[in-house]
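So that you can tell them apart, the chains are marked A, B, C, D and E in the order they are listed, and the count of residues begins at 1 in each.
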Amino acid sequence: MIIGLEHYLVLGALLFCIGFFIALSKKNAIGVLIGVELMLNAVNLTLIAFSRFGSAEVALSTQVFVVFIIAVAAAEVAVGLALALVVYRNRQTISVDRTTLLKG
Amino acid sequence: MLSDVNLLGPELVLLVVGGFLLIADLFVKDRRLLMGTTLAALLGSILYSAVLLTEGHVGSQGFGGVLVVDEFAIFFQILLAGAAMAAVLVSTETMQRTPSRRGEYLALILFSTAGLQLLAGSRDLIMIFIALELTSISQYILVGFYKDRWGSEGGLKYLLTGAVASAVLLYGMAILLGLTGSTNLSEIANYIAWQGDGNLDALILAAVFLIAGFGFKAAVAPFQMWAPDAYTGAPTPIAAYLSVASKAAAFAILIRVFFEALGDDLLAEHWKTIFAVLATISMFVGNFFALRQNNIKRMLAYSSVAQAGTLMIGLAAISADRGELLGASGILFYLAGYTVTNLAAFTVIILIANQNGGSYDIRKYAGLGKKSPWLSIVLAFALISLIGLPPTAVFFGKIYLFETAVQSGLAWLAVIGTVNTLISAAYYLRPVKAMFIDSAEDETDEAPMPRPSNSVIATMGLVTAGVLVIGLHPGLLINAAEAAVAAIFS
Amino acid sequence: MDPGFPVLSLLIFLPLVGVLLIALLPGRHTRTEWLVQNAPGNQVDYPKWIALGIALATLIIALVMFILFDRSVSGFQFVDEFDWISAEAVGFNVTYAFGVDGLSMPLVFLTAFLTVVGVLVSWRIDLRTKEYFAWLLVLETSVLGVFTSLDLIFFFLFWELELIPMFLLISIWGSGNRNYSALKFVLYTVFGSAFMLAGFLAMGVAADTFDIREIRQDALAAAFLPAPVIFSFILIAFAIKLPVVPLHTWLPDAHTDAPTAVSVILAGVLLKMGGYGILRLLFTLMPDVGADADLALAIIGTVSIVYGAIVTIRQTDLKRLIAYSSVSHMGFVLLGVSALGVTGMAGAAMQLVTHGLITGMLFVMVGLVYDRTHTRQIADMRGLAHYIPLLGIGMVFAGLAGLGLPALAGFVAEITIFLGAFESQTAAVSVSLLGVLLAAAYILWALQRTFFGPKDEKWSNLPDANHWSEFTIIGALMALIVLLGVYPSIVMDLLEMGVEPIVENIETFVSSGAGGG
Amino acid sequence: MSETIFWVILFLPLTAFVLAGISAVNQNLQRQIPEWDPNYPRSWNPIADLFCGPRLASTPLIIALAVAFLLAVINLIDSIGLRGLPLDIGTHLLFSAGDLKVNVGVRIDGLTSVMLVVVTGVSLLVQVYSTGYMDGDHGYRRYFAFMALFTTSMLGLVLADNLLMLFAFWELVGLTSYLLIGFWFHRPAAAAAAKKAFLVTRLGDLGMLAAMILIYSKTGTLEIAAINALADSGAEAGMFAFNGLLIGQTAMTLFGLGLIAGAVGKSAQFPLHIWLPDAMEGPTPVSALVHSATMVAAGVYLLARFFPVIHASSTASDLIAWIGAGTALGAAILAMVQVDIKRVLAYSTISQLAYMMFAIGVGGYAAAVFHLMTHAFFKAMLFLGSGSVNHSTNTFDMRKMGGLRTLMPITFGTFIIGTLALAGIVPLSGFWSKDEILIEAWDNNKGVFVLGLLAAGLTAAYMVRAVYMTFFGEYRGGEEVAPGEHGNEDPSHPHESPRSMTTPLIILAVISVVSGFLTFGGEFQTWVYGALPHPHEGKFHWSWGIFLGSTALAVGAGFVAYWFMRNRDRVRSWGVGGIWPIPEAQKFATELFYLDALAENLLARRVFYGWIARSSAWFDAAVVDGVVNRAWREGLTISSGARFVQNGWVQAGTLSIGLGGMIIWIAVVLF
Amino acid sequence: MSDFGFHLAFWSLAAMTLGGASMIMISRNLIHAVIWLVMSMLGVAGLYLTLSADFIAVVQVLIYVGAISVLMLFAIMLTPRAERDNSQNMKTGGPAAIVVLLVMISTLWVAIDTDWGAVREAALTEQARLIGESLIKHYILPFEIGAVLLTAALVGAIALARQDDEDAAVHASSLQAELEGDASVDPVDVVDPPIPSDGEAGS
């Protein structure tokens, strides 16, 4: 059989789901961030797959898109870690199931 | 190319001044100067938008179709800049609490405003994504700006949830891009018009992911859970800003994407159902959760969820057969009214908090009507407007939206909306009751509160006047909203 | 008729001017003056004098309009109108349109009159007088607006506007469980207006206008909601306001806990908004549905009359008792309306006016008694007539008027309703005759327990009516009640003019429906 | 005579009412506690004392009534000249609502003229009497105000030319009766009796109201003349028809029954008779005027007014005949055991009114009206006499009287005359009218006749008993002044009443002697027949058999009673009212046949108040209101309960995002 | 590249990616998790190569492997050992599984079922130049905004991470509260931090 678009899409979907599950289920804030990163990677993979198998302008726009996503992901992680640091300074913990002052 | 820069004007002013502030902060210590600069920038942006409107640049696309300047975009640019101005004006105390981060504070407000404005004007998926992220990241930081236990927690929650939301959004965009082969909204629309019916499931999945992403920003249930925590933890001016600005921009982009790109008839049916259901859910969720809140910021957070649901009625109406213009203009009109009203409410809340030790406990409002009658009257007025009682802005907003619902055959939605008005009255009236009817538990401090700064009083006067004017003569604003939406639907 | 200048707008918004004055002028001012010698500490309260002046001015304007009203031509007079919201592109047009016809003119006068009464009866209030009188005037504006709006949106606007002053007046100056009652009042009304708004919008959308004068039944055929649904939606709001069983339970609480003036205005004019709305909107705008609904209305009305009266008998709180009696009396309105004839409807409208005066007076008297005894429990009172005979006279007079004694206003309305409705609603009228007997029962029994009987030393030093304001109120109310009782034409002619077009409308639709199959 | 006169007759007492009202209000203004309110306008006092004294209450009324009486007499003479035919007087539109046109106008015919004279005359005398009787009472002014209002309403009632106007004044006399019964409202008994009277009569009025509504909705008119003419037109095929008006037999019957209900209530006939004895709580002149002479006779007047209607349906006429006969006998029996002199007279009033009722039932229209008139005079006199007795003994309890015939000769004499008239002893007025009725009964309904005859006998008996207990034997009284009543300071030595009280007694005595002679040659009958649609000459009935029978019966019964009383003097217990051999029967009678107990305790208190009203009140509080409150509380509970969802975890938010999105997608894709 | 080699590369890289991801899911130690993340990302980079997106692959390796994971490692190092726990949040695990299952169904369904239009054989050549051109031509505006975004993030992260004078008090107070175990159930006692005495004179 030939490895086609669908293979990559399925791969991306699975990666997305794993990342989503990690983001949903990890106690540690950094763990959640890792999950998000996986999700973004899945998106990137999907996009690149389209760029490989799609038409010419898709090929370009998707790759540009991926560049942006990667950049934004980096920025997000930076801010996220900074916030986690602040939380840690205040609460001596960064596990999200204990940072529940705000609820109800 | 230069003309394109001209089109970018309103945002450019903000970005440039924002950057300047970051540097100026290192040398300039005078808060008033910094604030003045910020306000000047926002004012400039508003004026620039006005100039664009009058100078006949309306409808011209810039940067290769990535950005468009139409009445719709300009409406939102002015609205957002105005909201940002109010937020800055009431930030005096916030900046006194964080003396060493003023530049960042103001700059981030400017950045996120610029991002929201771009969001309102962007017609390209990548542009949308970037603008959205610009605002989001600035807001994550602003929410956690106090670095105290609540602020940091709210910020972290906002960020983690938001990151997931934007990942979901991106996946939706990716599917859309892969299907339609373009990031440009109009080309997407073309694709759907010609060969969309083949891949309905994929389209709808993409749309659902988009709704999740944008609905997150608009704090629509079930994507609303970040809102109460973020509002509670954030500095109150930022909470006010979030509650109006990002909601407005989110609805702007929802209208753009779903009715410029995905507005095709074979989808609109589905949008109608989806938005109607979301409207119902989020009205009920918001109101029911708000019933028992004692922290007024949190109460307003939930109420903003409910208000987002009310706005959703407009979206549902747009998708219905008859209501494009009416629904969209209803959303715009309601947004404007809601913005001024909510800003009025938050302004007073900030003043009161500054008086009683930074607390937002509704029960502490007892007897306020005696101590500072004018504040209490303004707050009561704002809350009455939020209920939707005359003679206020939201009253007509609701009538207008409900009429669109009825006109598009969604009368049941109008009834649900009005029933929710009933529920909301129950909690909006609580602070009113506390201020005017209950008597303070400690009658000792009869001292009237210290006179707030002129800027705050000015803000209060402006937004209150706005509420009243829109409530008494809504015709102007309605016509403006019509003109704005005519740019999209025609 | 059309006077040169917008007299109606002046009438409606004059009280707001008063509100401004009250807000701007100081609350009290110490000086000695023969008129206010008895004011505590020789102080004159500006707010109440301003309120009195404004209310009197409004009353005079209303009176002048009442006199100038052209009884020869039907339709709306003193009309002020201009376009207010005109969004043609989306077809959302609202007209600023106010006017009075035979139906609303007496109610407008009643409102102005009872506001004066309300101001006078609160003369001894000295808790936060500024706000109190300001809110009272806001209330007047909103009610006047409801009675004169010719545009559904404005009708709704004023309908809602009245909630704010009511909420604050009850919960600040009220007594007993006042917060609960105030909130209950607001929530009930908002619940009703929820449906009313939906109905209005459906109407407005279908007819493409919100102007009452232009909406016509055939236009509503195109509405998204079927006409009966719209009808019942709007009816819910009016039924709550009227109120009718089983939507009435907010009324006793609100009345019992409200201050006297508010009870007077609430019973006197706010309830009338419901009956007015039924006549003005439901039966004018959708006569054929109304014609189909007549039996239902008659049944509801009868139930309200009899059930309300029976429940009234068990009440132990004087104010609560009167409140429940309002439920019974308001049932007559529905009964008269359900006759679908000029006589019945005119009777119903008459009942609105007369009940406004009579129950208003009852609440005034109870309030004055309460000011002295500081209790409203019937069980606590006995033989009051020995010590406060003048108030006793007033109370007995009001009570007799309430039980529909001839030569007093109530009799005219009830007899007209009976005579008008019997032919079409035989069974309902026959049953509701019981209401007359029951009314006599609860009122006379209450009088016997409170004012008659042996002396009770506990009350031996109660002051009788002794202030010019009290004499004025009682005298004016008595005079009006007797006047309407012995010479009803002054009002009845107007009301007849007001309801005739409605009935013609109904008849044309019924006949066409019968002809068209 | 011009219409104005009658309006003058109507408005003269009304003016007096206004003046008396001013005086009464001023009296209450005077008794303000001055230091409570410095703002109290003292400047009023001198004026008040000058013009608003007690005389302002009584004098204008007496003058007004005198004038009214003269006018009434003049009018009567006119009317006699016209043989009682109605004057042609137009009517005036009061107000109109749609088809409904409500008029006010006067109808003047023989019946009205007679009634006018009776009302004004009796009222005038009673007022004169009252000036003495009520002298010194705290409520003096209030009393005359009410009296004036009553006279006005009564005159309006008899003058009315349409049913609605008649009903209005009908209600107003009810009101004034309420106010006068409750005049001494400090007595709980008085207050309760007033309420009872109003409610019971109003129960009957409901029937009248229904009748009015019915006749209006059927024929569209309320004019008395038109209705009578319609009823008189006679039924063809069950339909009455008279120039354009149409009405079926059933409707006409129902109308008649409704009127009868009203009359039964107002005239205290069985089963609505229970209010009248209690009404004796009012001042005695009130009982004389309102509760014997005029108001209670209004029921008879009503039926006489609508005589053709009653006789348009045999059901109605038979019903009223039997009700009347039964009540006549029953009330007479009850009168036999009363120990309170006013209650004796009250039951006798009921019984006499019942006479008139069954007279109407058996077709004795003229006889009924005639008896109404004569009864008005002598019964008023009897009541005034009892008042005079009370004035000197301060009690109505006959057990505390006795031997007054020497102490109060005038009172005694007039009382005897009244007794004889009431007992129907020739040649006093009561004889002529009563015999007239018995003759009519004999001609038309033998059963009714028998009952009536028995009642006549009992009448003599209980009157003799009353007279004996009051005026013969030893004086047993001497109790202190009851609160409110102002009588003899030293009741242990009774004395004759002042002239202001005796004069009316004497005048009334004369009238009761002579007024019977009007019947000779059927003159009186002729006048009152003039009020009917088909006037015809009246004639003087005479039947030796009935004359002898009734007289013998009366005299015999009287002597039997007298004999019993003589021998009973030595019996200790006065509780056994006199002439009852069987204690059970005695008990049964003293308990008023248990009718009051049934009506008040069982029906009113137990069934209605205790059961119906309580259950509905509970329903209202627990169900109608309870459901709403419950829903509200539940809503709050849900709200606070639902907050566990917002548990503060980040993942709660992300979860809801994913879940929400997925649910939407699946829903859309599947459906 | 030969068909077989292509197959081998794809499957092994797919296994590497998913395996790494799954290892993150199960690994208890945060540092290990980051290592697994790096591995999974390298797999993704390889997959980019199989999709002949060389430039993106390079960027991926540089930024993710080079920057982000290192950043994360630093952050983790700053926290004590106790906070390196990467265990599941048992309270959300169950619902999360359900939701993710739904997401998987939908996404896979869409991925497989959808007709993704024309499939192109030839890959894009000289991508770096093309991407650069389009970045400064067609996508100039997003590019600029992205720059602003990075600035904002940078500034913000610094502002959050650095210890200002006024923050010391705040942190001390909340630390105090934390040690006293003050975990409020109702966020009603949220109060703004105190205004520093020398409010106007900042750092």
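In this text, a contact is a pair of C-beta atoms (placed from the backbone, for glycine too) under 8 Å apart; a residue touches a chain by one contact, two chains touch by 3 or more.
Given the structure is predicted, the values throughout are model-derived calculations rather than measurements.
Peer 1: In contact with chain C and with chain E at once: which chains are those? Just list them.
Peer 2: B, D
Peer 1: Identify the chain pair joined by the greatest number of C-beta pairs in contact.
Peer 2: More C-beta pairs are in contact between A-E than between any other chains.
Peer 1: Grab the C-alpha centre of each chain and report whichever is closest to the global C-alpha centre.
Peer 2: Most central by this criterion: C.
Peer 1: Taking each chain's centre as the mean of its CA atoms, how far is chain A from chain C in angstrom?
Peer 2: Between these chains, centre-to-centre, one finds 65 Å.
Peer 1: From the mean C-alpha coordinate of chain B to that of chain E, what's the distance rounded to whole Å?
Peer 2: 27
Peer 1: What's the distance between the Cα centroids of chain B and chain C, rounded to whole Å?
Peer 2: Distance between chain centres, rounded to whole Å: 42 Å.
Peer 1: Where in chain C do residues touch two or more other chains at once?
Peer 2: Touching at least two other chains: 187.
Peer 1: Which chain D residues sit where two or more other chains touch them?
Peer 2: As it turns out, chain D has residues touching two or more other chains at 643, 646, 648-652, 654-655, 658-659, 662, 665.
Peer 1: What are the residues of chain B that contact at least two other chains?
Peer 2: 126, 130, 133, 137, 140-141, 144, 147-150, 156-157, 160, 164, 168, 171, 175, 178, 181, 201, 205, 228-229, 232-233, 293 - these are the residues of chain B that touch more than one other chain.
Peer 1: Among all the chains shown, which pairs meet the touch rule set out at the top?
Peer 2: All chain pairs meeting the touch criterion are A-B, A-D, A-E, B-C, B-D, B-E, C-D, D-E.
Peer 1: Taking the complex as given, what residues does chain D use to touch chain C?
Peer 2: Contact set of chain D toward chain C: 25, 28-29, 31-33, 36-40, 94-100, 164, 167-169, 171-172, 175, 178, 182, 185-188, 190-192, 194-195, 198-199, 202-203, 206, 209-210, 212-214, 216-217, 609, 612-614, 616-617, 620, 624-625, 628, 632.
Peer 1: Enumerate the contact residues on chain C facing chain B in the complex.
Peer 2: Against chain B, the touching part of chain C is residues 84-87, 89-92, 153, 156-158, 160-161, 163-164, 167-168, 171-172, 179, 183, 186-187, 190-191, 193-195, 197-198, 201-202, 204-205, 224-225, 233.
Peer 1: List the residues on chain E that touch chain D in their complex, please.
Peer 2: On the chain E side, the touching residues are 89, 91-92, 95-96, 98-100, 102-103, 106.
Peer 1: For the complex, which residues does chain A have touching chain D?
Peer 2: Against chain D, the touching part of chain A is residues 20, 23-25, 29, 32, 96-97, 99-104.
Peer 1: Looking at the complex, which residues from chain E come into contact with chain A?
Peer 2: Those in contact with chain A are residues 3, 6-7, 10, 14, 17-18, 21-22, 24-25, 30, 33-34, 37, 40-41, 44, 47-48, 50-53, 55-56, 59-60, 63-64, 67-68, 71-72, 75-76, 78-79, 83-89, 91-93, 95-97, 99-100, 103-104, 107-108, 110-112, 116-120, 123-124, 127, 130-131, 134-135, 139, 142, 146, 149-150, 152-154, 156-158, 160-161, 170-171, 174-175, 178, 183-187, 190.
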